[in-house]
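The structures considered in this document are given below.
What follows is a pair of complexes built around subunit A, which joins subunit B in one and subunit C in the other.
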Partner chain A sequence: MDITFEHVDYTYQPNSPLATLGLKDINLTFKSGSYTAIIGQTGSGKSTLLQHLNALIRPSAGRVVIGEQVVTPATKNKELYHLRRRVGLVFQFPESQLFEETVLKDVAFAPKNFGKSEAEANEIARETLRLVGIDEQLEDKMPFDLSGGQMRRVAIAGVLAMQPEVLVLDEPTAGLDPIGREQIMQLFERIHRERGITIILVTHQMDDVVSYADQAVVMAHGEVAKVGTPAEVFADLNWLTAHNLELPSTGRFVQRLQQKGFHFDQMPLTVDELLTAIKPQLKRGAHVG
Partner chain B sequence: MDKLIFGRYYPGDSFVHRLDPRLKLIVNILFIVVIFFLKNWYDYLILGSVVLLGVIFSGVSIRFFLKGLRPMLWLILFTVILQLFFTSGETVYWQWGWLVISREGLINATYIALRFLLIIFMSTLLTLTTQPLAIADGLEYLIRPLKAIKLPVNDVALMLSIALRFVPKLMDETTKIMNAQRARGVDFNNGSLFKRVKALIPLLIPLMMSSLDIATDLTTAMISRGYRDGEGRSRFRILKWRQRDSWTLLGFVIVSIAVMI
Partner chain C sequence: MKLTPIIEVRDVTYRYPYAEQPALDQISLQMMPNQWIAIVGHNGSGKSTLAKTFNGLIEPQSGEIYFDGQLLTEETVWDVRGQLGIVFQNPDNQFVGATVADDVAFGMENNGIPRDEMLVRVEAALRQVRMWDYRHQEPARLSGGQKQRVALAGVLAQRPKVIILDEATSMLDPQGRSEIIDLMSQLRAAGDFTIISITHDVDEAALADQIFLIDDGHLIMQGAPDEFFAKSDELHDHGLIEPLSEQIRGKLVASGINLSNKYLDENQLVDELWTLHLNM
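Right after this comes the complex of A and B.
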């Protein structure tokens, strides 16, 4: 299911003295089965953009095409119900959306809302809980008794249980420890690969962009500042610094090497690429001093 | 939620903005008392011009005040219509069964409408020109005499200012959880009454839980910063009663006495 933005504008509190522009003339395509990372400063419109992806908000102008469904400013809420199942949205700190008495019930909540029977929903919930790495013993516990990392997984399972075709993630690893972060990112990578789910990820972790995404979108002041592969977006380190964006850890290292006289034809993004790029230069550098 | 003007603060630096919050609170309370003593049109005219003067001196566009009226419109209409049709009087203009429009009913209905209008304008004037924290400070000062009857004034004031501080935060949290549950297939706007009330559970429980979390974190943070109780603390924000406050109060009291006798 492709998602396409065509000249999308979004205004907060329209027709009032407090009106502010959230998005301006957005043109973007998220291809079916792709992995896109959206980066940008706080307040650059990332979260506003995200909420368009499952029509939680409708554009003020332009249109969003999600699969066969066209969302325009005039689209009625009723027509959007089935869209919500196909595009799963994981908000920031999703553990705050847990409410049922048991973990299993909470994960089964969404499938039940979308018309699955109790038994089917429970079956899906069990499967999804295994997928995110929650043990069987935890199924009957109160969600509020779990640890922070476990709650996060259960909340994510609650969205995955809808079996969405597109998964939208708003900083899914914020506030997690390094191991938890790695595990969650691996989990998304796995469902992306095994189930062919489209992933759209908002993040401040540039290393995640480099290691997982195949498309990167840079937002600034409600507009799209740059679109391309991570290699294209990270090619110009100075441009990134000028837009107050962090560099991937290899980028930071490369910048310091450049100051010392090293030269790179192509921006190395991973540690391996960096190694192959500096090895020959190190040999030369030995007699340059 | 965006449409609710009542209770919002409108930043500015006008004469009314700079008045002491205590004064504004006292005037508001007096105003509500006075308004029930009004007897004839002249009194309404005088009090009406006092309110208008306040609005002009506040520097806030009158459109804001009219907007604040909108949510209350149905309540006003409802009371006015009840007054209009159910007041019996001597001079009857129109009658149909037990529905009567009389001279007295007409006058009563107009008075009620005016009372509503003036009270809403006056309290909107207070909230538009005074920061919530200043209102809390003012209230704390004004209820201080109640210490004599063992009311824990400090605690009440603390709860009040914390509550005010967390209103916007909880509003944000509500929107966020609503959106998250909507994305999981909850429909808040359609269906039977029973269905809609049931749809509130996935919103209310997380909201309660996060309030508890916030409360726990806040208490821990307060205790670790040395808070024991309200007794024996010094103050950072100090209210200052100035000459203009005294003059305004004097002016208002004179007008009040004039319209009441």
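Right after this comes the complex of A and C.
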């Protein structure tokens, strides 16, 4: 299921003195089975863009085409019911939305809501919980008795249990420790690869953009400032700095080395690429033995 | 004269109700005054529980806590709480005032500080965190980084001996995070108090004077950043990763480049590489 934005504008509080443009002339395509990262400062329009992906909000002008469904300013809510099942949205700190008495019930809620029987819903919930690495022993616990990292997985399982074709993730690893972060990102990577789910990830973690995404979108002031592969988007460090964007962790280092006379034909995006670029520029005496 | 630790933990054990494993398991450590101290560990390691014992928010089942040489008891706990301020993780959960200035004044009102003195301290604290211009605003309308700066001002206004930042940057965007970290560096340079930052961000920990690694309720190791980050295997075993400069240094040394055999921060590493550059 492709998702396409065509000349999308979104205005907050239209027809009032407080009207502000949230999105301006957005043209983007998220191909079926792709992995896109959306980056930009807080307030750049990332979250507004995100909410269009399953029509939580409708464009003020232009249209969003999600599979066969066309969403325009005139689209009625009723028409969007099926869309909500096909596009799963994981909000920031999703564990704050857990509400059921047990872990299993919480995850089974969505499939039940979308018409599955209790037995079917429980079956789906169990499968999904295993997928995110939650053991059987935890199924009957109160969600709030789990650790922060476990609660996050249960909340994500709640969205996956709808069996969406597109998964939209708003900073899914915020607040987790490095290992927890890595595990969650690996989980999405696996679902993406094995099930062909389209992923759209909003993040401030530029290293994740480099490691996982095949398309990167930079948002600034409600507009698309740049689209390309991560290598294309991160090629010009000065442009990123000028837009107040974080650099991949190698970036800061590369900038400092450049000031000291090191030369890089291409921006190294990983530690290994960085090493490959540095080594030939070091004196022979630098090598031991 | 021997310096008294600002916080000393002696053989402390704490188990949450119904928990199988203790969150703190016979842990002992000493923190010296006027330092920037980082307590690191993965989610669930016990690091936040440990910090909650410092002012009696959690009462250990066994062991003792000493604050500035004084044993923490039911009688002394109120005095200690006046000298130790905490900024919590979630910027949205710690506001009570209708305006930024009211909020900063709240803690002092509770402690019965005279109004004249209060006004002076509110202004000083808000200026210190560069939020004085926002004093009439509603806290809810601020950015995450600004909210945490106001929370920090509320703590500063109490003139505490110890400020604890309990993962205070972990819910912020990169800009908010660097605002807080810059501020912590300035405070350390300016004030005579101890900063304890509880974090799993190694880049933040790298700025501290002394780092404590906690796991399974035990103190695993402690040291200044240069000794601490030299033990990258130990860090990996306990769910953390070393700073980028150490990853780069480690790999360059492994591939035969003649660099220092100890931890280098980014500046030091760039300088060493520069001296090895072909065009030098």
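By definition in this document, the second predicted complex is superposed on the first by the 282 of 289 C-alpha atoms of A that agree within 3 Å, B and C clash if a C-alpha of one lies under 4 Å from a C-alpha of the other, contacts with A are read in each partner's own complex, and residues count from 1 in each chain.
The rule is simple: a residue touches a chain if its C-beta (ideal position, glycine included) is under 8 Å from a C-beta of that chain, and two chains touch if they have at least 3 such contacts.
As the structure is a computational prediction, the values presented were derived from the model and not from experiment.
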item: Which of subunit B and subunit C A:Gly148 touches, first, second, both or neither; value: second
item: Between subunit B and subunit C, more extensive residue contact with subunit A; value: C
item: Contacts of A:Leu282 with subunit B and subunit C, given as first, second, both or neither; value: second
item: First (subunit B), second (subunit C), both or neither touched by A:Leu98; value: first
item: Contacts of A:Gly175 with subunit B and subunit C, given as first, second, both or neither; value: second
item: Contacts of A:Gln51 with subunit B and subunit C, given as first, second, both or neither; value: first
item: Partner chain in contact with A:Val70 - subunit B first, subunit C second, else both or neither; value: neither
item: First, second, both or neither for A:Phe253, with subunit B first and subunit C second; value: second
item: Touched partner set for A:Gln41, first subunit B, second subunit C, both or neither; value: second
item: On subunit A, positions contacted by subunit B and by subunit C; value: none
item: Contact set on subunit A toward subunit C in their complex; value: 41-42, 93, 147-149, 174-180, 204, 244, 246, 249-250, 252-253, 256-257, 260-262, 271-272, 274-275, 278-279, 281-283, 285-289
item: Subunit B-facing residues of subunit A, complex; value: 13, 16, 18, 51, 54, 56, 77-78, 81, 84-85, 88-89, 91, 94, 96-99, 109-110, 113-114, 144, 158-159, 162
item: Subunit A-facing residues of subunit B, complex; value: 2, 173, 176-177, 179-187, 189-190, 201-202, 205-206, 209-210
item: Subunit C to subunit A touching residues, read off their complex; value: 42-44, 89, 143-144, 167, 170-171, 173-176, 200, 202, 239-241, 244-245, 247-248, 251-252, 255-258, 266-267, 270, 273-274, 276-280
